[in-house]
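The letters A, B, C, D and E name the chains in turn, as written, and every chain counts its residues from 1.
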Amino acid sequence: DTSTQANPQSKTEAQAPAKNELTLGVNGDPHSWDPIDTFLLDWSTVATSVFEGLVERTTDLKIQPGLAESWEFKDDKTLQFKLRKGVTFHNGEPFNAEAVKFTFDRLLGEEGKKGPQQANYASIDRVEVVDEFTVNMILKEKDPVLLTKLAGYGGVIVPPKYYKEKGDEYFNTHPVGTGPFKMDSYEKDNKVVLVKNESYWKQGQPKLEKVTFRFIPEATTRLAEMQTGAIDIMKKVEISQTESIKGMSDLELMQVGSPTVYSIRFNTSMKPVDNVKVREAIAYAIDADLIIETLLGGYGKRVNSFQSDMSFGYDPNLPLRNYDPEKAKQLLAEAGVKEGTELDLFLPGTDATFKEVAQAIEMQLGQVGLKVKLNLVDASTFTSDLIPKGKAGHMYRNGWGGWTLDFDNTAYLMYHKGEFWNPDFYDEKVEELLKTERSTFDQEKRMAAFKELNQRLYELVPDVPLYQTINLWAVNKRVKGFQPPTDERIDLREASVE
Amino acid sequence: MEKSESTPLLEVRGLKKYFPIRSGFMKKVTNHVKAVDDLSFTVATGETLGIVGESGCGKSTTGRAILRLLEPTGGEVIFQGENLAALSPNEMRMKRKDLQIIFQDPFASLNPRMTVGEIIEEPMIIFELYETSKERKEKVAELMQVVGLKPENSERFPHEFSGGQRQRIGIARALALNPKLIVADEPVSALDVSIQSQVLNLMRDLQKQYGLTYIFISHNLSVVKHFCDRIGVMYLGRMVELAPKNALYEEPLHPYTRSLLSAVPIAKPKTKRERIILTGDVPSPANPPSGCTFHTRCPDCMEICKTDKPEFQSMGDGRYVACHLYNQ
Amino acid sequence: MLEIKNLQTRFRTDNGEITVLDGVSFQINKGETIGVVGESGCGKSVTSLSIMGLLPRTARITGGEILYNGENLVAFSKDQMRKVRGKEIAMIFQEPMTSLNPVYTIGAQIMELVLNHTSMNKKQAKEHAIQMLKLVGIPRAEEIVDEYPHQLSGGMRQRVMIAMAMSCSPSLLVADEPTTALDVTIQAQILDLMRELQQKSEMTIMLITHDLGVVAEMCDRVVVMYAGQVVEEAEVEKLFATPKHPYTVGLLGSIPDMDTEQEYLFTIGGTVPSPGQMPPGCRFAERCQKAFDKCYEQAPPLFDLNDGTKSRCWLYE
Amino acid sequence: MGRRFARNPWAMTGMFLLMLAVVSALFAPVIAPSTPDKADLRARLVAPSWMDDTGKSEHLLGTDQVGRDLLSRIIYGARISLLVGVVSVLISLVIGVILGLIAGFYGRWVDDLLMRLADVQLAFPFILFAIIVMTVFGAGLWKLILVLGISNWVGFARLVRGQVMSVKEMEYVQAAKAIGATNLRIIRKHVLPNVSSSIIVLATLNVATNILLEASLTFIGLGVDPSIPTWGGMLADGRNYLETAWWVATFPGIAIMITVFGINLLGDWLRDELDPNLRV
Amino acid sequence: MAAFLIRRLLHSVFVVLAITLVIFVLVRMTGDPVSIMFQAGEPTKEAITELRKNLGLDEPVYVQFGLYLKDMFTGNFGTSFRTGESVIDMMNEKMGATLLLAFGGMFVALLIAIPVGIISAVYRGSVADFFGRIFSLLGISFPNFWLGIMLIIIFAVKLGWFPASGYEGLEYLVLPSVALGLILSGILARLVRSSMLEVMNQQYINTARSKGIKEWLVIIKHGLRNALIPTVTFIGLQFGTLLGGTVIIEQVFSWPGIGRMLIDAISQRDFPVIQGSVIILSFLMIFVNLLVDLSYGFIDPRIRQGGGKSE
């Protein structure tokens, strides 16, 4: 019973003995904790504390050893891992080569077909057990970002015995991994409670006894819970809420750059935006700096291409198209676009901040004589149906996570002809550069290819990159050792409560 | 009276109206309310036939079945030699010119959203009686005058009139088509005595003026006696006695008629009369008693009455009765 | 026993306050049956409701007295009035179909009254209810007590109402058109019953009706009302033999006579004036064939003609 | 009716409040200090002029999150809110009245069928229907109006059906039949006019409900395009600013409340006035 | 009575079948669940076909519908596309919370509406009536999410009387119930008022008064009992609205009920979950309306003996 939390009179007394217990307010419940069933950030926010992969990413996104102590390429297609010894799963089952093999057999086999993760690991052929703590990963083809992917959701190691005994459905709601916390209870759409994994392999970690994640979808309510003290950490602070948080002395607003970028993409086969001049004009007509300064309250960073500055392939020297309405008008005139031409802009209906951005864009394009019509659509329809079918109007909002932190992922899916996300754009030079970039492991060569690609894309303007987001977290000042993660995967091993 | 026997305007033969009672989950018809059961009589041109009986005995149903406002279950209604019951709905609609009805409730029988003028004019519009609206309006004014309403009030709505005046509006509407037969279903029972006499006098005037024939339905025996030439007495959907007015009142044959007459309070204090107070209530027409339906309350009940239905037989002099007492 | 003096009752309406009863006076003597007749809307029901203290919230008594055994009911508090109602003065209403609450059994509704005014316990009260039902001639009384109103016919319901009204042996029974909604044969039964009960219990009855036939058969004395006023009061034989007020005359003339043959009925022309727009003089003057100038100017008082008859007409000045 | 109206403070208040919205809607360009879409990002979330100490704010009710004059948006918003309310109700009214008339007048299996259809509609929670339809076809003003219109027909159908069934038995309908009126004429001239008052009352009250539903749908992200000024949209989008710029959500909220309250007052009065059962 | 129940059952079967068909077709118009499940990945064509086959989406729609109906009649509503959990189990888990909220809302509504309605009716035109009417009109003049947020800000954040959101103890039920019930109470108070006005004009009320019993007894025993009939009908009809309202209230108060599950399911195109929950909700609605019909019998003996209410 946590009723005491709600009572303000007893707030201070109630939370004093509840030392080393942390409550977080997060926005969504993934509903299944099975790593191969999911692609949701909501999953990783919690599950990062429960599961671990062979490798992991630090908060500054460096790859470091996880359950594997070391790895080396035996040849082009064989990657050997030495596994950490003395690690056990939460149920007591030992972690070993068998478990790794089982994990990847499951991911790449029948079971994995039911979920979305398998596709990410298509370059792996199989895993072979060498000895109890050594495995070989046999690849079908070279994959430059394989290690990053192994730090991803699908690569976390699951306990074979437990899984076989309890079955898939049970595992969905009672996950067991090797992580710093074990799942104690899970109430759908309400909360999940994690308790300390006493036998965690890393000395002195974790520090917290108990972590509760509460699922609070409505941002206003999350903020209210933060203010009543019912939660200690709030995920996804809306930009509109920052002032409220700054106004409270016991709360701290934390920000972290994220790899997520937003851009306005064009349907390049649609008149009049099939004309590069029109696209360029639009790029000049949008005052992204002003938008970031005002609507985002400064919590955003301009980008010159459709990737974050953390991404491999980002070229800081590429110029930005700065706000220039006169030039825009001139370009439009050259392209013969009449004053008052109507353009559709599609965006998902639930994104409060971007709704404001879209209205600003509507106004700014209005100033150069383009009439923008905003179309709010259901987020899922938008991404799964409208964009891939080219039905998202002349322009649409695109937000992209770039989770591999390598431009390959983004560039290929966005600009390679025939990809799901790219129904209409085609350029021979771009195709060529993508091919070059994909065919080598040599990062320098790849960087060169990306540079050229960026330049080409800058000229063709298939989209107007707007900004890279900054994620905002509200944290109660009694929480120590908390680092807001760039990828929403919270590492709570070092966190504690005063 | 002899004259009327020879040229009937309307002849009703074996008229039946059963209302189905539905029950069960498929709403199957499990029983019938025999509201009107095997009714036969004639109405001569220019006469007034009264129908009396207690509430629920089927008076209104008879009136409506004749006009086919309710589809008869069986029997024939021969009006000027034509069987109304066999006409198609559209043919029947055309016949409505000749057959009209006046209702009991002067509040419910006038559409509250139409002006008096519109109400009286409507039948003329439906039958396209006059060429122009002006002619129709003149006719409306004339009719209003006939029934004793001020034509300048034609723009008013029914609720602005008193009960008696409203009943006049209903009469004017019925007259608009120059009908030959008017069924008056308790036209005065909702009215106060002082108004009642006004309406009755009016109806009598109109009968003289236009040679109307009335079927006058009422439960008020004094009014019926005053207004009708012949009277039929109904009990539980059947006619138990039919006789010229004076004969009926002077010498009622059926025990029900007798008790009915004796139950009427008479506005003459201290006139000692022999009262026959019936016991019990009227049985439900869904479950009528066997044999003679009156036997459960009859002061003269015999064994045969419980099992055999009495014939509706002629007693001569235009009198008919359905009672075993008069079996030869 | 009951004396109404100059009773004035007014109603608040959307068009301002109207005077519905204007100086109603008459008295009821112990043991007699007094008839109150008049056409619809003349104020018969309002009179009875004023006596019972059951006027709707929009109405109030603005003048006069209702003396019951010498005490003025108008001045009674709500609590005092409650003790009188049902115990001293009982009432039955016009519509037997709607006067009983559809959701309670017959027994419960009678017992409610009994329990309220006597010290009987539930069992005794039920016994008493059955007794009363038997008294009013209801067959199967033991079963009927547990049945609901909708299972009974109109005549039976009116008997139940009478049984209920009689259950605390009131000294005055106010019956507001108790038989109007019933068939003649049933009406005869009910009137018979009332006569019988009155003889047994020496109850006083105030019988409101618009049927002069009922008055002739039931009453000792008659009060004729017109437009919120008493226009004539007389013993029943006198009233029918020698009606004094032109309105009474007209009323009697309008009824078709069973014994004589008339082609046309006597009629009173025109209609009743509405409560808001009463003429200054005699309220009947407009419709009166005998009206003369004074009638239009001055309202006549109720003249006492010294033979127990009273008439509100200038003819008797 | 007119005189009674003038004397009834409830009705007068209701009318006055509703007229505020109606006048705003009709004369928005004249009354509004600015256009509803003139935005100035640098002047976003400016406080109402009367509470701004610096005296720089020229906006009586402040500005919204993209720097548009709130008062102007609220005035123009009346157009959309009334449009949504009125047109959607008209749609359900037409569907409901036609189906109700048919069911009530013809009875039997037609009635059975239509009433089962009504059951289906009723058993299907409105919000879900709206979410699914808007998800399928995308959000938008006219779609929203259509969805609201389609899902509320049952109330009208049931009402009309019930009324028709009782009116049908009224003697004046019998009388119309007796003078040879066709079914169509009976429905048109005798039935419909006599059920119209109940329809008007229900319609009035539904306008109020639908204005609120628009707001709720916007809340779950299925409202109309944000550049169209709707009160519901302004309220839903402004909720995150409740603590820092309370006026953004509060004034549209008050506008909704006043209008809905006014309509309800009027509807209540109409009910008392037109429904004789409730009149003294 | 049995016949009435059987008829109602047949009606219900029809309604459920119709709803099943409608929802089945509707969800299939909302787009492709497979592409949503792959959203962030790089799916191959084979993977897509494979997944589609696994989910049974490769069959023609009418075959899918047939199979679904067949399963439905054996009480099997399928399993979630996303989690593989059985829909019935998911509903079981969530139904309690939603019903609790719905009944909480109903309770609040009745608690407010009945006294307000009675007082307004009995003292028609008085100051109490004035405030009663203002209250009930104001009650229906707010959008419910707005009311919810306001309640949280005032009673949780500012006053700290109740928790802002979540689902733990009874005190968590208070604010959402009020948010849900207040609006209904406005409508209900008006209804109670008008039914009371009508009932209090009936002749049997005068009969009751003529017995000399206390006025409040007349009002409660004779008045309210009869006024309850339209009120109860209305509650049955409003139950759907109430359930619909929970969708939004659950969102605002992080209440783990069916509404939230459904919104998630819709956004993820989890067809079996959408279908199953809509169908089960409609069952619930039908059941509640049946209860309402049966409850007339308790309130009104005319119906009890008549064997059911005819519409």
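Everything below uses one rule, namely that contacts are C-beta pairs under 8 Å (C-beta built on N, C-alpha and C of every residue); 3 or more make two chains touch, one makes a residue touch a chain.
What you see is a predicted model; the values in this text were computed from it and never measured.
**Q** From chain A, count the fewest steps through touching chains until chain B is reached.
**A** Each step joins two touching chains, and the minimum needed here is 2.
**Q** By the contact definition above, name the pair with the higher C-beta contact count: D-E or B-D.
**A** Looking at D-E and B-D side by side, D-E shows more C-beta contacts.
**Q** Where the centre means the average of the CA atoms, what chain is farthest from chain C?
**A** Farthest from chain C by mean C-alpha position: A.
**Q** From the centre of chain B, which other chain's Cα mean sits the farthest off?
**A** Most remote chain from chain B, centroid-wise, comes out as A.
**Q** Report the inter-centroid distance (CA atoms only) between chain B and chain D in whole Å.
**A** Computed value for the inter-centroid distance: 50 Å.
**Q** Using CA atom averages as chain centres, what separation in Å is found between chain A and chain D?
**A** So the centroids are 42 Å from each other.
**Q** Rounded to the nearest whole Å, what is the centre-to-centre distance of chain B and chain C, using the mean of the C-alpha atoms as each centre?
**A** Here chain B and chain C have centroids separated by 32 Å.
**Q** What's the distance between the Cα centroids of chain A and chain E, rounded to whole Å?
**A** So the centre of chain A lies 37 Å away from the centre of chain E.
**Q** Would you pick out the residues of chain E that each touch at least 2 other chains?
**A** Chain E, residues with two or more chain partners: 30-31, 149, 153, 251, 267.
**Q** Would you mind listing the residues of chain B that make contact with two or more other chains?
**A** Residues of chain B touching two or more partner chains: there are none.
**Q** In chain A, which residues are in touch with two or more of the other chains?
**A** 220, 378-381
**Q** Considering only the defined contacts, which chain C positions touch chain B in the complex?
**A** Listed in rising order, the residues of chain C that touch chain B are 39-40, 153, 155-156, 183-189, 191-192, 210-217, 236-237, 240, 250-258, 262-269, 271-272.
**Q** Can you list the residues on chain D that touch chain E in the complex?
**A** 10, 115-117, 119-120, 122-128, 131-133, 135-136, 208-209, 212, 215-216, 219-220, 232, 235-236, 239, 242, 249, 253, 256-257, 260-261, 264-265, 268, 271, 277-278
**Q** Under the definition above, what is the set of chain C residues touching chain E in their complex?
**A** 49, 52, 54, 57, 78, 81-87, 90-91, 93-95, 98-103, 105, 109, 112-113, 116-117, 148, 150-151, 161, 164
**Q** If we count contacts the way the header does, which residues on chain E are in touch with chain C in the complex?
**A** 124, 202-204, 206-215, 222, 225-226, 299-302, 305
**Q** Write out the stretch or stretches of chain E touching chain A in their complex.
**A** On the chain E side, the touching residues are 30-32, 35-44, 47, 50-51, 54, 80, 82-85, 90, 93-94, 149, 152-153, 156-157, 160, 162-169, 171-172, 251-254, 256-257, 260-261, 264, 267-269.
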